[in-house]
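For reference, the structure I am asking about is given below.
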Amino acid sequence: MKEQNAQPGWKMKLHEIIYEADTPMGRLFDIALFFLIILSVILVMLESVKDIDQNYHKTLLTLEWGVTIFFSLEYIARVISIKKPWKYIFSFYGIIDFISTIPLYISYILAGSQVLLAVRAFRLLRIFRILKLVKFIGEASQLQSALKASRTKIAVFIYVVLILSVILGTLMYLIEGDEAGFTSIPRSIYWTIVTLTTVGYGDIAPQTSLGQFMATVIMILGYGIIAVPTGIVTAEFSRSKKGRADDQNMVHVNTQACPSCSAEGHRDDATHCYNCGHSL
Amino acid sequence: MKEQNAQPGWKMKLHEIIYEADTPMGRLFDIALFFLIILSVILVMLESVKDIDQNYHKTLLTLEWGVTIFFSLEYIARVISIKKPWKYIFSFYGIIDFISTIPLYISYILAGSQVLLAVRAFRLLRIFRILKLVKFIGEASQLQSALKASRTKIAVFIYVVLILSVILGTLMYLIEGDEAGFTSIPRSIYWTIVTLTTVGYGDIAPQTSLGQFMATVIMILGYGIIAVPTGIVTAEFSRSKKGRADDQNMVHVNTQACPSCSAEGHRDDATHCYNCGHSL
Amino acid sequence: MKEQNAQPGWKMKLHEIIYEADTPMGRLFDIALFFLIILSVILVMLESVKDIDQNYHKTLLTLEWGVTIFFSLEYIARVISIKKPWKYIFSFYGIIDFISTIPLYISYILAGSQVLLAVRAFRLLRIFRILKLVKFIGEASQLQSALKASRTKIAVFIYVVLILSVILGTLMYLIEGDEAGFTSIPRSIYWTIVTLTTVGYGDIAPQTSLGQFMATVIMILGYGIIAVPTGIVTAEFSRSKKGRADDQNMVHVNTQACPSCSAEGHRDDATHCYNCGHSL
Amino acid sequence: MKEQNAQPGWKMKLHEIIYEADTPMGRLFDIALFFLIILSVILVMLESVKDIDQNYHKTLLTLEWGVTIFFSLEYIARVISIKKPWKYIFSFYGIIDFISTIPLYISYILAGSQVLLAVRAFRLLRIFRILKLVKFIGEASQLQSALKASRTKIAVFIYVVLILSVILGTLMYLIEGDEAGFTSIPRSIYWTIVTLTTVGYGDIAPQTSLGQFMATVIMILGYGIIAVPTGIVTAEFSRSKKGRADDQNMVHVNTQACPSCSAEGHRDDATHCYNCGHSL
């Protein structure tokens, strides 16, 4: 299924294992990576729980080092096994892989760099591909395209909501004043958005009759406003759904990745990368 | 409407009463069962209210025993009146019937087994069938099929929401710190989901300006995100609705159950079970 | 436009004024009634505010008597001006009119009968008709028919939500116990519904890690579940919308009411009641 | 692209800079205005934060004066550069521009006039035009027309929600009484709306079993009710979406404004104002 190319065999082999999931080795690697990513995210979480961190600090640190070393090796392997390393290094996943690997190293130089560990969560996105859930990718991209199509409308909507919040927040500040917690306009705007979106923490709540009346108006407004993004997205979905039903232009894709530019989503019968023309 | 088969008459009779609702006796049994299930669930609830349990402990226990004995007899009757008892015993309802019957017996051996009583709530699902609400079953299965069709999309959606929550929760943990209640990343993630889903308890709420700003972003995000499952399900409903309007392939079914495998939903004019071929 | 009938002229006249809004007098009566209904509802509200009630008790009582006397006269006029009084007396509006008139009278005999004043709010429904908002009635009935069509599906949905709440509430009771406020199963179920519907008061909130995890699951569930009624109603609306666009079978109706049976919604060119055949 | 008219050249020039965004100067002016509007809104916000206002009062006041003077000049320029100044002065934007300019002047005469500064938020609406986001305007007007089409239905819906709130609020007042915070009917109605809209502050929460049961009913009701506006708007969007796809009657518009009546949204190939016929 794959034509040999100018690259050495072991690089081809490595590329197949790391970037693809069609061979047993490739699948094994992906499953291992899957569990390591989950593990690495859980580690970050556990480290943040004081009780656990105090009692098991050593264990956690050891595991963290294990994960970091594996990720480092994986990162290096990804870089060397690909023909155009820069394409990977500056790709979305390349940057995430880098940032979620280095914090432990630089934590000895720079305190607080643990912050970067949060980036690891993005690696979870890989799981779709790892589980070879081509079907999932299809659905995801359908979701994505529906959201993309409604992008401008949603931007207009959010913009209007923000303006409304600024106006209503200022009004509530003038009505309620300091006692009820509306100590400044930004705080009032915060409360307005808490109310408009029907979150309603209750940390700030209107005390005066007029304030409660205004709050009521804002709530009913929010109740109606929530219909708008739903309407937008639903209309888009219904359309894309219809579109898809008629769509003769769909082919099945596999998890193969181009060894040159690492583009994904090639047709099952593809022999050349649709992106750079490199033979697969 | 029913051909006699190799089974003894009283078993057939019992089967008709317990599993079906087309005869007066069968309907009577179903209505009795209906009220007993409701009663049994209410009993579990009342036992959990300390005041009531202290004052009426004896009455409640007596009633509980009454219900348990009835359920036990019903369970035995169900097992012996069916040709292939194992099919019932290991069916969804068979397991629920069993688990919601035994707790009282084993409570004398094993304290805390009352936990299993919660399973009784599942018996409430029977009510659809009991009330001979074939129409309800039709609607329910329509709901079900619409949800099933959007399953993958909803899985993708929940997955994305979870990743978002992990990332945003970690960020909020870094921004707010301990004072505001964001004592650990898991707790921050809990707060993020409380906010994203617009539940907003207020037990944890951001105190810093930056934290409140981030909260605002999360809320508006959640406001937009809620549009997605709605869009998915609505598009599916609209489609299934259209489908149904054109659908010539629907027949009316009754509450008859196969005496051999207890499959339900036979056509009115069926003479053989669609599942095992046994004559009805 | 109206044929004289066996009824005395003054009764016809009264009927036209009270039940219809096509003559200047009829419209005047309706507008007066409109403001009196609003006033009567505001009166009930103000009486409930302690400060206001203490300071203005006399004024409020006087106004209340004024409203009550007007409503009494109106009720009597409605009964005598119609040919078949029982049709009105036992109609939805007839009962509401009666209940919202009597509380003040019986309050001298029976303390606490003020409770019935709440029924007055139902009189607000009259306003649609009073404002001669035939268009509003059209929209309202469209809303109504869409909701009616999705009735069974929504019943199934609510039933499933209730069962879910019972099961999840019992689980949370077992997980959280008394300290966090989950003192009994009914209270846990209350909390579960508060969470599932994304209301989230925060008066009860999980304290344990497991409880917060469960809460997270319930929230995401609730987030997804909210899509279902929306999907149902939207699909119904889209259909009814399409239906209406094609609908050649619509005529314009006016506010005339049959003098015999008080049926409403007659065609502009009607000469006989569509309900009882009485000439209009 | 523009025919000279009876107006002096500098007025034409000024008009082009202020009202349009097709020339480099016009775009520069709009971008400057854009940042000044944002700045002016941020200023109002910062002034409301006590800490910031105390420490930087002078700086803020200076900036406020700067913004006010620019806005004053802009207002004057807008009035003199247009042929029919009254059209601008009494237009929506004209009034907003005026109100958001004067507060600082009259604050020396009339304390508390800062309230009017809230109106500045409305100026943010200009940004759409400023950014020459004709596409945004298109989407916005599409949103607008969908909302306009569902106006009556939404009015009916809100009316029904209000009546429901009055009835349910009164009931809750009678059930819960003073202890739980339901001190008056208006306050109970406030709570009912907080619950119905799923905001749920938790500042007032039912304490009795019956009250909690009622609350549960209200929540589930609210859960269902939220489906209605969504259904309405979605159906409208789906329709308008379809409509737009077929729509041959759309032309591209630019940011040119009529020098006489300042109407906007002229076709690219327009030579005369569609509103007053003045040549562009």
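By letter and in written order, the chains are A, B, C and D; residue numbering begins at 1 in each of them.
Basically, a contact is a pair of C-beta atoms (placed from the backbone, for glycine too) under 8 Å apart; a residue touches a chain by one contact, two chains touch by 3 or more.
As the structure is a computational prediction, the values presented were derived from the model and not from experiment.
Student: If we define chain centres by averaging CA atoms, which chain lands farthest from chain D? Would you check?
Tutor: Relative to chain D, the chain with the farthest C-alpha centre is B.
Student: Between chain B and chain C, how many degrees of rotation does a Cα superposition need? Round to steps of 5.
Tutor: Between chain B and chain C the superposing rotation measures out at 90 degrees.
Student: Comparing residue numbers, which of B-D, A-D or A-C shares more than half of the contact pairs of C-D?
Tutor: A-D
Student: Just curious, how far off is chain B from chain A if you go by their C-alpha centres, in Å?
Tutor: Here chain A and chain B have centroids separated by 32 Å.
Student: Could you state the distance in Å from the CA-based centre of chain A to that of chain C?
Tutor: Each chain reduced to its C-alpha mean, chain A and chain C end up 46 Å apart.
Student: Taking each residue of chain D in turn, which ones touch at least two of the other chains?
Tutor: Chain D, residues with two or more chain partners: 186, 189, 198-202, 226, 230, 232, 234, 236, 238.
Student: Applying the document's contact rule, which stretches of chain D touch chain B when the two form their complex?
Tutor: Residue list for chain D touching chain B: 198-202, 230, 234.
Student: Of all residues in chain A, which touch chain B in the complex?
Tutor: 41, 44-45, 48-50, 115, 117-118, 121-122, 124-125, 127-128, 135-136, 139-140, 142-143, 146-147, 154, 158, 161, 186-187, 189-190, 193-194, 196-203, 226, 229-230, 232-234, 236-238, 241
Student: Spell out the part of chain D that touches chain C in their complex, as residue ranges.
Tutor: These residues of chain D touch chain C: 152-153, 155-157, 159-160, 163, 166-167, 170-171, 173-174, 183-186, 188-189, 195, 198-202, 205, 209, 212-213, 215-216, 219-220, 222-224, 226-228, 230-232, 234-236, 238-239.
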